[in-house]
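The structures considered in this document are given below.
Below, chain A partners chain B and then partners chain C, in two separate complexes.
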Partner chain A sequence: MKYQHKQIAKSKLKSRTIKDKAIRVLVVLLSVVTISPIVLIIFKLIEKGYKQISLDFILKTPPNSYEAMTALANGELIPGGIANGITGTLLMMVVAAVMAIPVGVVTGIYLYENPGKFMANLTRNISDILQGVPSIVLGLIAYIWVVKSITNGYSALAGSVSLAIMMLPMIVRSTEETLKMIPVTIKEAALALGVPYYKVILKVLIPTGFSGLLTGILLGISRVLGETAPLMLTALGSTIINLNITKPTSAVPLLIWEFYNDPNMVGLIWSSSLLLMAIVLSLNLISKQIAARTK
Partner chain B sequence: MNDNIKQIKDPVLSIRNLSVSYDKGKYAVKDVSVDIKRNSVTAIMGPSGCGKSTLLRAINRMHELYENIETTGTLILNGKDITNMPTIQLRRMAGMVFQRPNPFPTMSIYDNVIAGYKLNGISLKRSEKDEIVERSLRDVTLWDEVKDTLYKKGTFLSGGQQQRLCIARALAFDPEVILLDEPTSALDPIATAKIEDLLVTLKENYTIILVTHNMSQAARISDYSMFMYLGELVEYGKTKDMFTKPRDRRTEEYLTGKFG
Partner chain C sequence: MNSDKITKVILLLSSFIILFVAGGMVFSLVKGAIPAFKTFGAGFVFSNTWNPTQGSENYGALPFIAGTVITSVTALLISLPLSFSASLFLGEYYRGTRMAKVLGTMVDLLAGIPSIVYGLWGFYVLRPFLVELGLPNQGFGVFTASIILAIMIIPYATSLSNEIIMMVPNELKEAAYSLGATKSEVVFNVIVPSARSGIIAGYILSFGRALGETMAVTMLIGNANVIPDGFFSTGNTMASVIANQFGEADGLKLSSLIAIGLLLFLITGVINAVGKFIIKKLN
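Up next, the complex of A and B:
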C-alpha cells in the first residue's frame, strides 16, 4: 500500500515539474515576443540612420529637394539637418508643458482632496475620456480654437494647444496617484503643527511627491513628443527655424512625414526617427530613474 | 463623574461635555468632562474603538478638516478657551505625536525639528534655530546620537529614533501639553522603554496625555488614568487607585483582561 502511494506521488510530482518547465519556457518565449519589436526597431534605426547623424544634422535645416538629389547622384550623404524640427518640437513641448502642468497638477490635487465627490468623479471620468480622444480630433479642435480664431493661421501655439490637451489627462492621473501614495500620517504631521491646509499641499505634499509628479510629467511629454497628426492641422511645418509661437513651425515627426513624401529626401527619415526615438527613450529612462531613486 | 473633576486643582486642560460624532447621532465620544493635571502623565485606556484617539484628536481639533465630523463641548487650555482659537495658536500649545513615526521625508533631521516654524513661515535667526534644535533634541535624548548627522534625512533613523524626532518636533514649539496616540505600538521593546523613560522626564516641563493599549505601560508611567468604554469616560483617577481598586465593574473587567 505504502509503496503504491509513493509511486503515485512520484508520477504526480513528475508531471508537475514538466508542467512547471513548460510554463517557464512559455513565459520566456512570450517575454521575448514582447521585447523583440523594440529591439528590432532600435537596430533598424541605427543601421539605416547612423550615417546621417553628425553635428550638421542637429544644427542645420534640411536641403531642398534638388540639393538632396544632386548629393544622391554623386553618391554623397544628403547635406543639412533637422534643426528646424528640433527647435520646433522643443518650442511646442515647452509651451504645451507650461499650459498643461499647472492645470493638470491643480486638477490632480482637486481629485485627491475630494474623493467620492460628484464633481471630482465627473472630472476624473472626463479626464479618462479625454485620454481616449484620437489625437487627430484634438488637432481639429486646436485648428478651430487657435488657427481659425487666435493666430489667424497655422502656428506653434495651435500645435502646443493640441499637445497640451493630450498631456493633460496623464498629468492629472499621475498627480492624483502620486498624492494618494503619500501616507496620510505625513499630512497629519503638518496639520498637527498648525500649518494651514494650502501650505500643507504646497510645502509638504508636493515636495514629498515631487519625483512622482515629475515622472508623470516626463512620461506625458514623451508620450506626445512623436505626435504627428494633430501637428499637421495646427503647426503645419516650416523650412526655417521658427521661435515665434504665432507662426507655422516644424517638428521632428512632421519632418519625418515630409521626408517620406519626397523620394530624394527619404534617406533622412531613418536618422530623424533615430533622433526622435533617442529623445523619447532618454525621457523614459530619466523618469524611471527618478522614480526608482526616490522609492 | 463630578468627583473626578473636583479632585484636580489648577488643571492645565479642562474638557467639558465633549462629544464627537462621525455619523449624525452616533457618538464616538459621548459627553466627556475631565480635568487634566499639570506636569503629569495621563493615560487614556480602553478597548479598541472606544474613542481614545477620537478624544485625543478632539483636543487639538484635528477633526475640523473633515466635514462629516461634529464636535461639541468646551476645551479650556491654560485658562483660555481654545474651542475657537486660531489653529496655529492652539497647535503650538498642544503638540501631537502619532502611532507611526512620521518625520517629513523630504526634510533633514534639523529641518524636521523646526518644521513647525518653517512650514508656518515663522522666520527665526540662525542662532535661534540652532538653539531650538539642540534643546529639543536634548530633551528627547537624541542629540548625542544625531548631532553629527543633523543634515541627513530624518527617515534614515531607526523607528525609535524617528519617534523621538517626532516628539522633538512637537517640543520645538514649547507646548503646554503633548498628545501622544499609542506612540510606542510600532516600536520594539528597547525603543519603547526609551520613550517611556523620556515621557517620565518630560513631565517636569510639560503635561503629557497618552493613549495606550498597553495596561502595563499605563501602570508604569502614568500618574492619572482614564478608562473609556463605547465613547464614554467610565472612570478617571490616580492610576494607582484605578489599578488597585477600580470603582466600575467595566474598568475592573478590562484591567483583569476580561475584554479588550
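Up next, the complex of A and C:
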C-alpha cells in the first residue's frame, strides 16, 4: 500500500517536472520568436541597402524617374541621394524641438511642483491622453491648424507642429519622472538660502536632472523621427532642398514612401530605410546609455 | 509682483498650453466633421458605402471601423503569447541575467523601428512568404496587416507586463516554492493571478497603439473600402483610409475623413483612459 503511494507521488512529481521544463522551453522559444523580426529586418536592410550608401547618397538629391529608369536599364546603381530628405527631417525636427522642449520641460516642472493639485492632475491626464492620439490624427490637426489657416499650403511648419504635439507629452512625462528622483533636500537647501524660485529651477532642478531630461528629449526625438503618416498630410514632400518653413518640404520617411510608390525608384527604399534606422536606433541606444549611466 | 509669483504663473501658463492644444484638437476635429455628420446624420457611423463619385457622394465609416477592430484584435491575439513569454523571460525566468538584458534591449529596439520600415518588410518579405503558403489576394489583407501590427505592439505589452511581473513580492513566490511548487506552477498560480490586472492593462494600452497605426497597415491591408469578410480578405482601417484618400480630398470627402479621424481619436482616447485607469488603481 505504502509503496504504491510513493510510486504515484513519484510519477506525479515526474510529470510535474516534465511540464515545468516544457513550459520553460516554450517561454524561451517564443521569446526568441519575439525578437527575431528585429534581426531579420536589420539584416534585410543591410543586405539590400548597403551598396547604395555613399557620400553622394547623403549629399545629392534624388534623380527623376527617367534617370532612375535609365540607370536600371543599364544595370547601374541609381544615381543621386536623399539630401532633400535629410535636410527636411533636420529642419522639421529642430522646429518641432524648439516648440515642444520648453513647453514640455516647464509643464513637467509644474506637475512636479504641484502634486495633488486639481490643475496638475488634469494636465497630467490630458497629457497622457495626448500621448495616445494616433499620429495620423495629429496630421489632420496640423493640416487644419497650419496648412489651412497659417501657411495656406503644405509646409514644413505644419509638419513640425504635428511632430511637436507628438513629442510634447513624452517630454512632460520624462521631466516629471526625472525631477521626482532628485532628493527634495537639495531643493530645500537652495530655498532655505533664500534663492529665488526661478533660480532654484534654473540652477538646481534642471542641472541636477539634466541627463534625465536629455534622455527623455532624445527618446522623444527618436520616436518621431521615423513618422511618415502625419507628414503626408502636412509637409507633403519636395524634390529640391527646401529650408523655408512655409513651403512644402521632404523628409527621409516621406522619400521612402515616394520611392516605394515609383517602380523606377524602388531600389532606393532599402538604403534610405537603412540610414533612417541607423539614426533612430543609435539615438535610442545613446539615450538609454545616458539613462543607465546616471541611475 | 515678485519673481516667485511670476515663476509660478509661467509654470501654470505652460500647463494651460497643453490643455489648450487638447481642447483645440477636439474643437477642430468636431468642427471639421460637422458637414459630414450634417449630411449623413448618425448613420455615418453605421453606413457601409464609400462612394466618391461626384453628384452621388455617399460616405460611411463602418467598413473602416470594422477593419480597424478586426486587425487590432487579431494583432493582439497574435502578440499575446509572444509578449507574455518575453515578459516572463525578462521578469522571472532569466531575471537580471545578461541574456535578459540582451533580449530586453532587442524588444525595446522593436519599438524604435519606424512604421514605414515595418511596412516595407511586410511587403517585400512577409507577404511573398505568405503567398507561398497559399494566402489569396497576393498576400494583401487583414491577416498580413495583423501580423505586422502584432510585431509592432509587442514591445509595449512586454515592457508593461514585465514591470508588473517584477513587482510581485518575493515572499509570495518563496512561499509557493517552499511548498514544493515548480517554477511553472509559481508562474501560473502566484505570479499571473497577482499581476493579472497590470498585465491586462498593458494589453489594453498596446491595443490602443494598434488602433492608430497607419503606414504599415496601409501598405499591407489591400485598401478595399468594404467590410472585410474574413481574415484573408482585404479591407481598410480608419487610419489607413485617411492616409490613402487624403491627397485627393476636399469638401464633403475631407469632412468625412476628418469625421473618421474624430471617431478614431475618441476610440483610442477611451481605450487609453481605461488602461491608464487600471494602472493608476494599481499604484
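The working rule: the second predicted complex is superposed on the first by the 263 of 295 C-alpha atoms of A that agree within 3 Å, B and C clash if a C-alpha of one lies under 4 Å from a C-alpha of the other, contacts with A are read in each partner's own complex, and residues count from 1 in each chain.
As a convention for this text, contacts are C-beta pairs under 8 Å (C-beta built on N, C-alpha and C of every residue); 3 or more make two chains touch, one makes a residue touch a chain.
Because the structure is a prediction, the values reported are computed rather than measured.
Once chain A of one complex is fitted onto chain A of the other, the partner contacts of A:10 are absent, as it touches neither chain B nor chain C. In the superposition on chain A, contact is made by A:197 with both chain B and chain C.
Judged by the touch definition given at the top, the superposed model places A:207 against chain B, while chain C stays out of reach. By the touch criterion defined above, A:51 reaches neither chain B nor chain C. Within the superposed three-chain model, A:40 lies in touch with chain C and out of touch with chain B [touch as defined at top].
Touched residues of chain A, counted separately for chain B and chain C, are more numerous for C. In the superposed model, A:136 makes contact with chain C only, not with chain B.
Shared interface residues of chain A, touching chain B in one complex and chain C in the other, are 196-197. Chain contact summary for the complex, chain A toward chain B: residues 183, 185-186, 188-197, 199-200, 203-204, 207-208, 210.
The residues of chain C lying in touch with chain A in their complex are 3-4, 6-8, 10-12, 14-15, 17-19, 21-22, 24-25, 28-29, 32, 81-86, 88-89, 93, 103, 105-110, 112-121, 123-125, 151, 154, 158, 182-185, 187, 205, 208-209, 211-215, 218-219, 239, 242-243, 246-247, 257-258, 261, 264-265, 268-269, 271-273, 276. Against chain C, the residues of chain A that register as touching in their complex are 16-17, 19-20, 23-24, 26-31, 33-35, 37-41, 44-45, 102-103, 106-107, 109-111, 113-114, 119-120, 122-123, 125-137, 139-141, 144-145, 165, 168-169, 172, 196-198, 201, 222-223, 225-229, 232-233, 253, 256-257, 260, 269-270, 273, 276-277, 280-281, 284-285, 288. In the complex of the two chains, the chain B residues touching chain A come out as 60, 62, 65, 87-92, 95-96, 98, 100, 102-106, 115-116, 118-121, 166, 169-170, 173.
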